[in-house]
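So that you can tell them apart, the chains are marked A, B, C and D in the order they are listed, and the count of residues begins at 1 in each.
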Amino acid sequence: MNSFGTLLRITTWGESHGKAIGVVVDGCPAGLELNEEDVQQELDKRAPGQSEVMSPRKEADKVEILSGVFEGKTTGMPISMTIYNKDADSSKYEKIKHLLRPGHADFTYQIKYKHRDYRGGGRSSARETAARVAAGAIAKKLLAKYEIKIIAYVKEIAGIKANKINYNEIYKNNVRCPDKTAAKKMEKVILKAKNEGDSVGGICEIVALNVPAGLGKPIYNKLESDLGSAILGINAVKGVEFGAGFGLANMKGSQSNDEFILKNNKIVTKTNNHGGILGGISTGMPIVMRAVVKPASSILKKQKTINYKTMKQETISVEGRHDPATIVRFPPIAEAMTAIVLADHMLMAGKINPDTLLK
Amino acid sequence: MNSFGTLLRITTWGESHGKAIGVVVDGCPAGLELNEEDVQQELDKRAPGQSEVMSPRKEADKVEILSGVFEGKTTGMPISMTIYNKDADSSKYEKIKHLLRPGHADFTYQIKYKHRDYRGGGRSSARETAARVAAGAIAKKLLAKYEIKIIAYVKEIAGIKANKINYNEIYKNNVRCPDKTAAKKMEKVILKAKNEGDSVGGICEIVALNVPAGLGKPIYNKLESDLGSAILGINAVKGVEFGAGFGLANMKGSQSNDEFILKNNKIVTKTNNHGGILGGISTGMPIVMRAVVKPASSILKKQKTINYKTMKQETISVEGRHDPATIVRFPPIAEAMTAIVLADHMLMAGKINPDTLLK
Amino acid sequence: MNSFGTLLRITTWGESHGKAIGVVVDGCPAGLELNEEDVQQELDKRAPGQSEVMSPRKEADKVEILSGVFEGKTTGMPISMTIYNKDADSSKYEKIKHLLRPGHADFTYQIKYKHRDYRGGGRSSARETAARVAAGAIAKKLLAKYEIKIIAYVKEIAGIKANKINYNEIYKNNVRCPDKTAAKKMEKVILKAKNEGDSVGGICEIVALNVPAGLGKPIYNKLESDLGSAILGINAVKGVEFGAGFGLANMKGSQSNDEFILKNNKIVTKTNNHGGILGGISTGMPIVMRAVVKPASSILKKQKTINYKTMKQETISVEGRHDPATIVRFPPIAEAMTAIVLADHMLMAGKINPDTLLK
Amino acid sequence: MNSFGTLLRITTWGESHGKAIGVVVDGCPAGLELNEEDVQQELDKRAPGQSEVMSPRKEADKVEILSGVFEGKTTGMPISMTIYNKDADSSKYEKIKHLLRPGHADFTYQIKYKHRDYRGGGRSSARETAARVAAGAIAKKLLAKYEIKIIAYVKEIAGIKANKINYNEIYKNNVRCPDKTAAKKMEKVILKAKNEGDSVGGICEIVALNVPAGLGKPIYNKLESDLGSAILGINAVKGVEFGAGFGLANMKGSQSNDEFILKNNKIVTKTNNHGGILGGISTGMPIVMRAVVKPASSILKKQKTINYKTMKQETISVEGRHDPATIVRFPPIAEAMTAIVLADHMLMAGKINPDTLLK
C-alpha cells in the first residue's frame, strides 16, 4: 500500500507525469515550527538538473503545505503537501508504451493492474520519492529537536570507494561523496557511462547520530526490520546491510562481537560491528547502514525486449532525460526514510510526546 | 511488536527458559488439511542437537495445535500452537545475569525495559524462531497448493562458498549446504571454531519457485520491503540482498538490466539480476535473496564487558550449550518467514481466497 | 489517526478554514471508470446552502482528482482528491478564540495539542466530512459494480418520525426524509429552533442492499464493529444500532431470533431483527443501522462557558453560518462511510479482486 | 481478524469445545506486577454457573500465564494466557449440526468458511470472551496505576430499569445490577423466561472514572469509534451509545450542550450529556456508554429453521446448558474491552510509557 509507519505515518500519492505528487504526514505532534522553506530545502537536495551527472529534467519541485500547520507551528493534524508536476514531457513515452523497458516496473504493473499510466513510469517513477523527501524533512526537523542527526552519502560508485568520511564534503561535489578525491573519479566514471548511453550503480551509507539507546521493538519491529523495509522500499534498492553487514560472513564471533566498555561512565561499545542495533534495539552507538542502488534502468543503449501487445521481440532504446547514476540523487531520499522510521520509533518508545511538544 | 503480516498474521510469544513458546496464526483460509505432523516436520529441521555443529541442547520441540483445526482441516479461525520448553537449564545464566554479553540483546533490553528474563536470553533468544517455523509450516503448506516452493540453504560459511546448487543435497549434510564438497569444508571450519571457543558467520540463500507474477504492493509493501523486513527480523541477520544484490554496485545498466524474452509464449527474462522482483512486484522468475547471519554471539572465549549493576569492567566467558554456527540452523527459519510473506501477498493479491479453499 | 480501512484505506486531511481539504484513497482496484463528476455528484448532496434548514455557507466544494486515474479509469494507485476552501470567513472566530464553545472540541483539542487552528473549528469541523464523501463516492461506484446499493435517510428529527420509507422521496425534500408528510413537520420544527437560535438532533437510518452473505471477519472486524467505528467516527454521532437495536432490550429470544426460511431456494430470514449481520458476518439480508446525531453545538443562544486564557466564566453566543440541524446533511456522509467499510470487506473477503477489475 | 488494538494489542484464539482458548497480550509495558490470581479474579466474575440465572456449565476457567512475566512482573514481552476447556459436552450439537440455529452465526460461518467447528458454536461462542476478560484484567491493572477505574453493570433487563446506581451493590446480586430492588425484579423475569424455554435481553452501562482529558485521536480513532468498535465486537451486542445517546434525537442544542464551569479551578462540564468525550477526545468527565445485548439466541422453544444439507425446513429446539440472559455475564466483558481501549489510548497519548513502568 501507499502508507508507511505506525504513530508517524506517511501516505504518498501521484504519478510522474500526472498533475501532481504529494504526501500526507500523519502523527507529527503539535508545536513543531514548520514552514515550506524547511521542506523546500530538502527537496532541493534531491532535485534533478543540478549537474551533468544528473537528469537534466527541470523540476521546480515547489512544495505547498495545505494543512496541519497554523501560525507557523504544527497542530498535530495531518500535514498535506503537494508538489505540482511542471516539466513533464510524455511524448517520448508514447511510442514505447507497449514495450517493456528492461529493469523497469512496466511488466509487473501491466500484469498486475492491466491498466497503467505509462507516462514517465507513472507511479513507479523515482519521482514519487520527492514526496518522501518532503515527509522526511518534517521527521528530520522533529528529530533535530532531540539532537538526532541523519547523514547519507555515496560510499561507492562502479567500484570506486570513498576512503575518507568528511561530512562537510558531501554536498560540495556533484556525487554526494564524503571523499573529495574519490568524488572526482566517480564523476568521471559516471560521465563515461553516460556518453556510452549506459548507467552505473553504487552504494549509499546512512548514519544516524545521537539516537538514544532503547529504540526498536522486538520481534517484528526491530530497527533493522523497519529501517530495512523503509530503505528497500526506495526505487532501485536491491540490498541493505547494517554495521559490518555482509562482511560478518567472514568473521569470527570473537571479532564481530563488540565489547562493552565505559566511556564517561556510560556503557558503550568499543567497536561498532553491530551498527548501533542489538536485538533489534538501538544501543546508543551510531546507526550505520548501507544500501545498494542498481544502475538506472533507463538507458539509451539498445536492449532486447517484448512488445506486450504484439507479443513480439523488439529492440528498445530508452530516450528521455534520465539519470546516469540514480545513486547520486539517493542520499536525501535515504535520509528521509531513515528519519521517518526513527521519528516513529521515538514516538513508539515514548521519547517524544505524540500529542504535543508544547508545555 | 510481536505480530507480523496483514491478511495472514502471526503473533509469537514466549521466552527461551519460560514455560513455553508459541504462535497464533491468523488469516489462514478454511479448508487446508493440517495436522501436527505437518508442523513437527518443519520444527525438526530447525531443532538443535542434530550434529556436532549444532548446540547439543535437546529440545523435543513437540508442537501442539490448540485451535483453528477441526476434523483435519483449518476452519479459518486462528490457529494457536504451543511448544513447551523442556530442556531449559538456567543455572549457567544466574551467575552472569548482570554481565552484558557482547553481541547480545542484554544491554538493549535492560535499558529499554529495566526488567528482563535473562535466562537463556529470554525473549531475545533464537528459541523464539521455533514459533516462526511452526507458523511457516502452515504458510508453506498453503503455498504448496499453488505449486509455490521455498528452498533455503547455506551459501557461504567463513569464506567457504557453495559452488554447486543441488537441492537434494541440502539436508544430507550437517551444514545445509547444496554443495557436498563445500559442505565438508564448512563443517571442518565450524568445528575448528568451536574448539577454539569461537563461532562463525555465513550467508543463506533463499529461493522461491513458481511465484506468480503480480505479487507485491507499491510503494511500501514492495516484496523487497516485506521480505526484507521479515528476514531482517530474524535473530543475527545483519543484511539482506535480492538478485545480484550488492554486486549491482559494480555493474552497468546494460549488464544489470534483464532483457525480456518469450519462452513458451510467456514473457520471462533472460537473466535474473532482479531476483524475481521489479518495481516491488514479482515477475514470475524465481525470487532469490540472501541474508548474512553474524557469528553466534555466545562464545566461550573471554571477552571484556560491563557489569551493569556495579558499572565495573569484567571478563565474560559465555558457557552453556551454544551453536558455533547459527547459520546452519537458519535455513528453515528463513523458509518460514519467506513463506509467511508470500502467502500473505497471495492473499492480498486475491490469488488465494482469504475465507476458504473449499467450494 | 487520520486513516481508515485495511485493503481500501482512506486518509483525510485539512482544516475548515485552511487552504484546502482532501483525501487519499488507497487500494481501489484498477479499471474502475472514474471522473470528477462521479465524485462531485456526491459532494453536491452534502453541500450546505441548499435550503433554509442548512447553513447558508456557500461552499463550491469543487473536487479535483490529482492522481490514480488515467484515461478515465483507476490504475490501482492512490487517488488523491483536493477541495479548496473558498468561502471561509474566519472573522467570527477571532473574538471567541479563547472561549470554549459548549459541545465542541475546542476544549479537548486545546488540552491535548496546546496549539490549534481555532478558525471554523479547524480539523474538528464537519467540513472534514466532505473529504469522506469524496472517498465514499469511489467506494459507492465500486460497490455498484456488484449491485450493492447504500441508502441513508433521516428517520427522526426532534421526536418526529418517518412512518413511510419511500426511497424516491429522500432528496425531494429539504430534510432527506423518505416520508413526505413527516418531512414537512421536520422542516417546520427545524426552522422554529433556528429562529430561537437553537438546534435540533435526529436519527439517520442507513440501509445496504444486495450485500452478499459472508462479509465481515470474526472477532474484531465484525461488520458491526467496523461499520460502528466508521459511523461513530462522524462528527456529532453519539450512538449507533443495528437491526432491532436498543429495542432488543425489551424482547424475548423467541421474538428477536429471525427464523430461517427458503425463498427461491435460497436461505434467508423471515424477519430482520439482526439487521443483516449474524456473528459479525453479513447474512445477505439488508444491512440496517441507525445513528443518532446530536443537535448542532453551535447555537446563537447564550450559554455559559470558560475563557481558558483568563480562566474566567463568560457567556458565549456562537455566531456564524451554522446548521440548525446537522442531521439533514448527514445522510451522504453516512452513505460514504458505509460504502468504504463494505468495499473494504468485499476486498477482504476476496469478492472484489484487489488489483484490477479488468480481465 | 482476531487482533485488536494498536500499542496494546490482544490476539485471541480458541473454540468453545476445542482444546483450549487463550489470548496473547502484546504491548503491556515492563514492570507491572502481575500474577495468575489477578487474572483469575476477573475470570471468576464472568464464569457461568454462579446462580440460577446463568448457564449451569461448570467451567473451571483456570488461567495459566505462559510468558511475559518474570519474577512477578511483566517484562514488556507478549503475555500468553491459556484456559483449557474442561467441561465441554458436544453431544447435544451432533444432532443439530446441519440445522441453522436462528440468531446464531451457524449460517454465516458456514457460507463464509464452508467448514466450521459446530460444537458449542465453535469460535462464535461467547466462550471466546473469557480470553478477552483475561486480557482486560491486565489492562485494568495497568489503568489502576493511574487511578482509572472501569465499572460496568446491568442497567435494564426486559424493560425493568435500574433506578439507583450503587456500585457496591453490583456483585451482591445475581444480575449485576446496581439497584437492589430492580435486581430482584430482573431475576424474576429471567427465571420466568427460562422456565418458558426463552431468554431476555438488556442494557449494560459502562462507566470509566478518572480518565484524564486528552485521550483519543481524531479522526478515525475517536474514543467513540474505538470504544464502540470494541463493544460492538462482543457477541450479542447490537447497539452502543455514549452520554445522552439516542436521547439526543429529541433534545435541543441548548439542552444537550454541556456548559463549561470551573470546579476547584479545573475546567469541567456542569452536565455530562457528552459522556466524557468531545470531538472524539476525553474531557476528563466520566466516560459513560451503554450497550444493548440481545436475548440469548439458544432457546429451548421451538423455532423454524433450515437444514442446509437437505435444504429442507425443520424445527429446532436448542438444548444444552444455555444462559437465559447473557446480559448478566456481560459486565466483566464490557469492562475488559473498555479497559483495553483506554489503556491503548493512554499509551498512544504518551501518558503511559510504552516500554516500562520502572525507573
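The working rule: a residue touches a chain if its C-beta (ideal position, glycine included) is under 8 Å from a C-beta of that chain, and two chains touch if they have at least 3 such contacts.
Keep in mind that what you see is a predicted model, and the values were worked out from it rather than measured.
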item: Pair exhibiting more inter-chain C-beta contacts, A-D or B-D; value: B-D
item: Maximum centroid distance from chain D, chain identifier (CA atoms); value: A
item: Distance between the centres, which are taken as Cα means, of chain D and chain B, whole angstrom; value: 38
item: Length of the line joining the C-alpha centres of chain C and chain D, rounded to whole Å; value: 27
item: Between chain A and chain D, centroid-to-centroid distance (C-alpha), Å; value: 45
item: Shared-contact residues (touching 2 or more other chains) in chain A; value: 1-3, 12, 77, 112, 123, 214, 218, 349, 355
item: Chain D-facing residues of chain C, complex; value: 1-4, 12, 100, 102-105, 107-109, 111-112, 123-124, 128, 156-159, 193, 198-203, 213-214, 216-222, 224-226, 228-230, 232-233, 235, 237-246, 248-262, 265, 267, 269-270, 273-275, 278-283, 292-299, 301, 303-306, 308, 311, 313, 349
item: Residue ranges of chain D touching chain A (in the complex, touch as defined); value: 6-7, 77, 214, 218, 348-350, 353-355
item: Interface residues, chain B side, partner chain D - complex; value: 1-3, 9, 11-15, 18-22, 24, 26-27, 29-31, 64, 66-68, 70-71, 73-80, 82, 112-117, 122-123, 355-356, 358-359
